[in-house]
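First subunit A sits with subunit B, and in the next complex the same chain sits with subunit C.
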Partner chain A sequence: MRVKEQKVVRMDKLTLTVEGVWMTTWRDGVERGEETRVRAIVHWAGEKPWSISCVMDDGVLSPYAGTELARQYGSAMADRHARQFLRWLGMCFTDEASRLFNSLDSAYLFNPEYRQKPSAIDTCWRLACVGVIASTLAITFNQLRVAVCKSFVFDIENYRKYVPLGIYEIVGECLCNFANAGGEELDLAAAFVELAEQRLKEKEVSADGVSVR
Partner chain B sequence: MEYPFAEKCLKFGDLTIVVRAQWHRWPNSEPPSGTTEITVTLMRDGIDARIVKTAPFRKTDWPLRGLEHEIPRYAKAEAERSVNVFLHWLGLAMTGDMWGLFMELDDLYRCRPIEGLRELTVLDFLSGLRDAGRIAEPLFVTFTHLLCAIHVFCLQNNSEIDATTMSIRLGEWLLAFAEERDKRFADFTPKEVNANA
Partner chain C sequence: MLHKGPTVYRRIVFPTAALEARARWRAVNGKAGKTMLRVRVYYLDDQRVREYSPALFRYSSDPLNALLFSRQAAIEEAMQEAIEATDAYLIWLALALQDESALLFDGMTHFFKFQSTAPFASSMLYGAERMGEWALLLRVGCALAESEICRHFADSWSQHLKTLGAFLQDWAYRPEERVAEVVVYRDVDGQFAIKDAREVVRVLP
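Let's turn to the complex of A and B:
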């Protein structure tokens, strides 16, 4: 069984599709385990799309296997991992390395610090897995960052207007909001303008001396 | 141009492990830059198939600026160092010193941001974590096979030493083997048990 959930992020000429795929794995003709992958499909307008993927989770077959709930469960897993990937992408933009490290560690437990007797097998395996996720994140982050740099945001007037707010921080926040809200498509340019304008208004109001909550 | 490689081989029971490293120069790089690559080959007695895992160990750029003539010597030393470091890490994994291993990986790849002390950009952090993850894979595979070889050995020889103790002992031998610069081969199969078998 294979279930797919897609999240699309559009920014200028880039369409980034983050696809969570949950599937059962087979060995010797028997359904034995399950795996959730995240695939980031990078499509620049006028160019051939390409993709990069990583395994986010794999393990033994869920108790729902073979039942009607399996599809629902698979869909929830695919959605969860696609959203998690977007959230991490958001953290990349806000440049919070420590927060990203902690978040990756709580998902994959690769840091042996504060853990009682961490096993070598687990630590090495988890580190190897998280390394592939880090690589996928870095590549996707770079592509999206290029799209932001090429967009209207970096036109001289907009740049001057938005740079005091922290352009990448706002992009990161938009991505995190999108991931938390669980939508299917994000017009990043529109979301950016909306959030940035809101921030500008808040700034103006607070500059007038009126407290803002 | 091919630069000299370094190689160390170890044997435990029916498992033979060859750790090989070589420095490769990136084409047309100026100043001379390159990557040291580690290749681990796992072989079992009586089985033709072998497992080969390769991972980039370290990238080098600035130290070779203006030192073109020193590259072969550097490549050899770097390859030797990489093999020994890999064996040292394997030793740490076998002895169960995960914190030590993680710290050493972090020293080389800088994959752990520390607030106030080591502020990394997200891209630096992610690329460090990617590199640490890449080397962790051959480490994991080698470690798993060594562990299997230990269990097989204990079962086949009715060994009085349990697998965990043997794995720690093997880890200590590996740490010592990594320190010995001139020794290229070591057979870690416990001899006294061998004689009893």
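Let's turn to the complex of A and C:
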């Protein structure tokens, strides 16, 4: 069985599709395990799309009461991991290294300090898993950052207007909000303008001495 | 100008398999340089070799090619860099074999700057990426040592693993040669034994 959930982020000429795929894995002709992958499909307008993927989770097959329940579970897992990936992407933009580190650790438990007598081989395996995810995140992050840099946000007028607010922080916040809300498609440019304008208004009001918060 | 330094080899030879870590410095675009580590497993019985994906040790800004006045000095610098890469692999492997997870984690995260205190999330990600490649190669080393020792020295194998780890930790810093190896063998009494076989450098398949 294979279930797919997609999240699409559009920014200027880039369409980034984050696809969570949950599937059962077969060995010796028997359905034995399950695996959740995240695939990031990078599509620049006028160019051929390409993708990278990583395994986010794998393990023994959960016992389901029926096919429909299995499908629902798979869909929830695929959605959860796609959203988690987008949240981590958001943290990269907001530059919250500490939060990203802790979030990765709570997902993959690689820090032996917080576990009871982990074996070194297990620690190596967990670090290797995180490395693969970090690699996928880093590539996706770079692509999206290039798209932001090429977009209207970096036109000289907009740049002057938005740079005091922290352009990448706002992009990161938009991604995190989208991941938390659980929507299917994000027009990052529109979300950016909306959030940035809101921040500008808040700034103006607080400069007058009246806080809206 | 030096394009490639000499390759440094470190091997652990078990009764039926050998683990080889090899590292080499090479110039990148004629300006900077990088040192890569490769790990190979030789299956001695059936003459098979398996090589794993290489891992980056580190980039070096141009200290080596600055030494244009002396090619020999540049070669020595390049070899030193490669020795450091293989040393790092053996030291971390030694810690892993001794089940020193906390020390291994601290050492690797510090070296690759994969820490919660990193100034930028992006640099932390690049560190994690490189660390992941190394972790995979370390896992290969651990798995081979574990399977070989379990297979040939089944009695108190976990103790033997720790002994090998302790031996490697001392040994890793010592060899200055280009090729050096450790042999895990059965001594005359049939017991587990390890020796530094510097002068016995074998030709592997």
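In this text, the second predicted complex is superposed on the first by the 209 of 213 C-alpha atoms of A that agree within 3 Å, B and C clash if a C-alpha of one lies under 4 Å from a C-alpha of the other, contacts with A are read in each partner's own complex, and residues count from 1 in each chain.
Definition applied: a contact is a pair of C-beta atoms (placed from the backbone, for glycine too) under 8 Å apart; a residue touches a chain by one contact, two chains touch by 3 or more.
For clarity, every value in this text was computed on a predicted model and none was experimentally measured.
Superposition of the two structures on subunit A leads subunit B and subunit C into a clash.
Judged by the touch definition given at the top, the superposed model places A:F141 against both subunit B and subunit C. Once the two complexes are overlaid on the shared chain, A:T123 sits against subunit B and subunit C alike. In the superposed model, A:S103 makes contact with neither subunit B nor subunit C. By the touch criterion stated above, A:S53 is placed in contact with neither subunit B nor subunit C. The intersection of subunit A residues touching subunit B with those touching subunit C, taken from the two complexes, comprises 91-92, 95-98, 100-101, 104, 111-113, 118-121, 123-125, 127-132, 134-135, 137-138, 141.
Listing the residues of subunit A that touch subunit B in their complex gives 91-92, 95-98, 100-101, 104, 111-113, 117-121, 123-125, 127-132, 134-135, 137-138, 141-142. For subunit B in complex with subunit A, the touching residues are 93-94, 96, 98-99, 101-102, 105, 112-115, 119-127, 129-134, 136-137, 139-140, 143-144, 147. By the touch rule above, subunit C contacts subunit A in their complex via residues 95-102, 104-105, 108, 114-122, 124-126, 128-133, 135-136, 138-139, 142-143, 146. Interface residues of subunit A, counted against subunit C in their complex, comprise 91-92, 94-98, 100-102, 104, 110-113, 118-135, 137-138, 141.
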